[in-house]
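Dropping the structures in below, format is structure tokens.
Two complexes are shown next, each including subunit A; its partner changes from subunit B in the first to subunit C in the second.
Right, the complex of A and B next:
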């Protein structure tokens, strides 16, 4: 193995180069440009004025920002505690030799490939107070008292939205886990079976440790994806009612493009990046400690 | 090898050919990039403005318009963002007042002073161009006057609740609302997800009436304040409409299209909309056999300008500054063709109000004649989002939603606006 790499190192770098350049130009460099913008007050037209850390001070003093951070944490928790376990359970199920598993595989993955805008529109209809599917079903089975104003009630709107986010991305983690499960060698499972490990025990002590790298990767993906969440909420509620579903990305968008506060918006973006790095680092450390 | 060589020669010939033809074409045709927000759902666009653009294209084969149509809600954001990057099209629809002002101040738009006589001589009074005039220079020509406030009500539903007439006063209006609620009818259909509806349609007229039509200018000049009791009272009216349940419960999660649908499907007795809704309502009423009345908000006690109706000129095109001579000539030719007397007469016919002094066509529909009479009883007042600077628009749009969701009080919102001034 090693000497193949040695000879082809140059080729490998060459192959990575185009993607790396694009990544550099469209991801890394803009982060630094944003960091610079976050130190100015700028409406996009008049010349930017340097204000130091004032944008950050304004951000930390803004109730709406804290609310958006809280809402974002709801999304992160819903994703990590919802998408990952559900995706894993579904993967375990479909990994059995059951009938129609190809069908289930496609169905479960489907929401991932549908555009977020379409999902949002469909779910807006499901949640509609008057003729939505959800309220209609509740009425039909006699649970009138459970009928809710799913997207207009500030107390529950965030959870309604979070449920859709879980629904949309379960399929992604399901596919990752399914691929991981298929790499677990049958011999090991059989050996465990002979040693007397049955059912859940086998999953808990054999399967999960063998796919833990995938689980870690999924959680990291989940956190970063949740911090970026935008389109679905933007279409479903536009951050409303009264900031009840405003996440950081929407807070950033609203202030940047509706309020024309490019400096403030950049400060929020930078916070999202830093916050994401911190969260991911914590999770990685937790995993490392868990391993030891 | 021969094959390869041949294909290479063919390739070169093709490339040279393409280059050659395009350079020849460039000498003859002028290309203009154009953006507008007319998706063609409304009569004024589908029957007048869009055919007008097509007609211009047919008459002028040497002027090529590259058109991008962007729906209204995203159009403003897109233009603003592109303008911040200094990249705007050659001809673009611009929005009045504080929306177009930053573009003008950044020097992105061409002033039309050199050709303005074409319109101001006897077609359009200079006053009607004020929303696009900065430092005494005009930067766009509007096609329409958009009154942003009308009440569209279902006469039959009101009659069932015992009302054959539109209520005169706000107090009566509330009693009527209660009667409708008792009949299990939602009094007012509202869709405020996009947040501009309560501001543009509601507070603009209600505010203008209670505070007077010079109020916003006075506030911006520092002579009055948003914490003025008259403005707080205007906010209280909206809060009361929400708190007393006159709106549908899911108002904050519906868009303005769903708001109209609820009215058409007879799930609500009325909705408040703008002049852009008139054509659609009249047409739908005819198709659905609905008996629709059009009015404005009833009189509120303590009004300073009882007949104020918020309105602003719109559907205006601006030209980018820094065009080449040929492009400039073509763009001016387009404007002169597009904003002609004929256009304004056609617009009147579709139920639009126009800033130009043209005679009403004789074949105008009686329903629209009624609306014109209604408008003539009123005086035009400012629309909030055409006057306020953009950060205040954002504050009031978000604030009104919070107000109806019961998250803040009128006083708090007024104070917040004063703080953000």
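Right, the complex of A and C next:
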């Protein structure tokens, strides 16, 4: 084999080259160009002017940016505290020997494959003040005092939006946990049952430690997923009312393509990339320390 | 004692089903509610949005179809997503073949380099890609979407395909080498056919991601003749935001293909999405 492949080394690299070039050109190189743009002041047309770190200074001095960072953290927390436990609970339930397992799996995962644009438009109508499903239900069950302008009240709009994000992605975490639970051997749980361990104790002390890698993967996913949040909020509220639901990706888009501040927008996008990597690293280290 | 255990088991079962049915309703009912109201007039929706429609009134469907040119948007999405998938799977499977079946210097590095792409948020690349496309005159062309779609789909494609190809036994191509077949020949007539299940997974997965993609389309396309489905639908939140019956009809139609794909290819989609999610 050895001598054959040496002749073919060129062929190997040539075979990888098309994928490599496309990936390099449209995923990797643009990040470095973004980094360079973040150091200039530029409206996209006239020649860019080098300003050093001024865009970053402007960003850190901008209240709207901090608001958008805070909103991103609301999404992260909603995902970690909402999607992960609900997904885990549903996976535990579906992982039993019950009728209709497949049906429940299909229904629970379904929102994950639907486009964020469709979901945000459907939920905008569910939240509609006059005829929306949510206010209708509240009226119906006699909770008239809870009836709200769900998306235009700045105090609660971010939570209304976060609820839709949870709704769309619970299914993804559910599937990750379901796959992990199916690798937990029945014998271990049976043995614990015979030893007299109660249902929830079995879950807490046996099942959860066995699927902790999936829990770590889910939390990492909550972070990276929440930093990608864009279309859902762009369509539902466009960051409003008065920046109440603005996340960093919206802040970046708005400043770049509406404000024509390409340098500033690039600084925000570099921050999104770096912030994601830092958060993920912190979580991984915390988990590693927790294990020791 | 035995009776008590039975009772507890029964209670558990009831609790399980109640919770599952509750969450199933939360997932299904908003969509059902929308489809139901899509057959009503504005007035009927305002009076009672819970009731079943009195008749299958299709006027909302006709006006929605025309208002955002749904037929054309379906076609645009199909063309862009389809061509992107073909290119991604072609160049991705070739790369995965060499990465998984051969030893060569830099192999590990190249593989990790591709996998790193799973972590890159597209918003880190949006501005430079827009500037690049503008400078070479590709804004408002299908190719401006196809290129980034292919590039961003490659990491997951190579990850799934190369782990599948790695699991094929080495003996497979050894016999072919004895017969004097070249490496590309082995790829085409032996490895590729054996990889069919994984090809189906990445094919459908990439198609759905591209079909749903919004950010690149928003930045790179503003010619209504080229708008993909999510972009056309987003017009509902702007210019047609008050005609709810029509909006519901448009969204109901937009849901049909994706739900059909999901029900037909559920296993591939579920497997592929969770594999990518865990790796990222």
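What we mean here is this: the second predicted complex is superposed on the first by the 266 of 292 C-alpha atoms of A that agree within 3 Å, B and C clash if a C-alpha of one lies under 4 Å from a C-alpha of the other, contacts with A are read in each partner's own complex, and residues count from 1 in each chain.
Criterion: contacts are C-beta pairs under 8 Å (C-beta built on N, C-alpha and C of every residue); 3 or more make two chains touch, one makes a residue touch a chain.
Nothing here was measured: the structure is a model prediction, and the numbers come from that model.
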Q. Would subunit B and subunit C fit next to each other on subunit A once aligned, or clash?
A. clash
Q.
With both complexes overlaid on chain A, does A:217 touch subunit B (first), subunit C (second), both or neither?
A. second
Q: Check the contacts made with subunit A and report whether subunit B or subunit C touches more of its residues.
A: C
Q.
Applying the document's definition of touch, where does A:93 land relative to subunit B and subunit C: first, second, both, or neither?
A. second
Q. Between subunit B (first) and subunit C (second), which, if any, makes contact with A:154: first, second, both or neither?
A. first
Q: For A:15, decide between first (touching subunit B), second (touching subunit C), both and neither.
A: second
(Q) For A:124, using the defined touch cut-off, is the partner it touches subunit B, subunit C, both, or neither? Pick first, second, both or neither. (A) both
Q: Check whether A:202 is in contact with subunit B, with subunit C, with both or with neither, and answer first, second, both or neither.
A: neither
**Q.** Contacts of A:44 with subunit B and subunit C, given as first, second, both or neither
**A.** both
Q: Applying the touch criterion given at the start, work out whether A:266 contacts subunit B, subunit C, both or neither, answering first, second, both or neither.
A: second
Q.
I need the one stretch of subunit C that runs into subunit B once the two models are overlaid. Options are 23-31, 77-85, 203-211 or 239-247.
A. 239-247
**Q.** Overlap of subunit C and subunit B interfaces on subunit A (superposed complexes)
**A.** 44, 124, 128, 130, 236, 257, 262
Q) Where on subunit A is subunit C touching in the complex? A) 1, 4-5, 8-9, 11-13, 15-16, 18-20, 22-23, 25-31, 33-34, 37, 44, 86, 89-90, 93-94, 96, 98, 100, 104-118, 120-126, 128, 130-133, 136, 140, 167, 170-172, 175-176, 179, 199, 214, 217, 220-221, 224, 227-228, 230-231, 234-236, 248-249, 252-253, 256-257, 262, 265-266, 269-270, 272-273, 276-277, 280
Q | Contact set on subunit A toward subunit B in their complex | A | 43-46, 124, 127-130, 149-152, 154, 157, 236-238, 240-244, 254-255, 257-262
Q) Which of the residues in subunit C come into contact with subunit A in the complex? A) 12-13, 16-17, 19-20, 23-24, 26-31, 33-34, 45-46, 49-50, 91-92, 94-95, 97-99, 102-104, 110, 114, 117, 119-132, 147-148, 150-152, 154-155, 158, 177, 183-184, 208, 211-212, 214-215, 218-219, 229-231, 233-234, 236-237, 244, 247-248, 251, 254-255, 258-259, 261-263, 266, 269-270, 273-274, 277-278, 280
Q: Note which residues of subunit B are touching subunit A in the complex, please.
A: 77, 80-81, 83-84, 102-103, 105-106, 192-195, 248-253, 262, 267, 390-391, 393-394, 397-398, 401-402, 404-405, 407-408
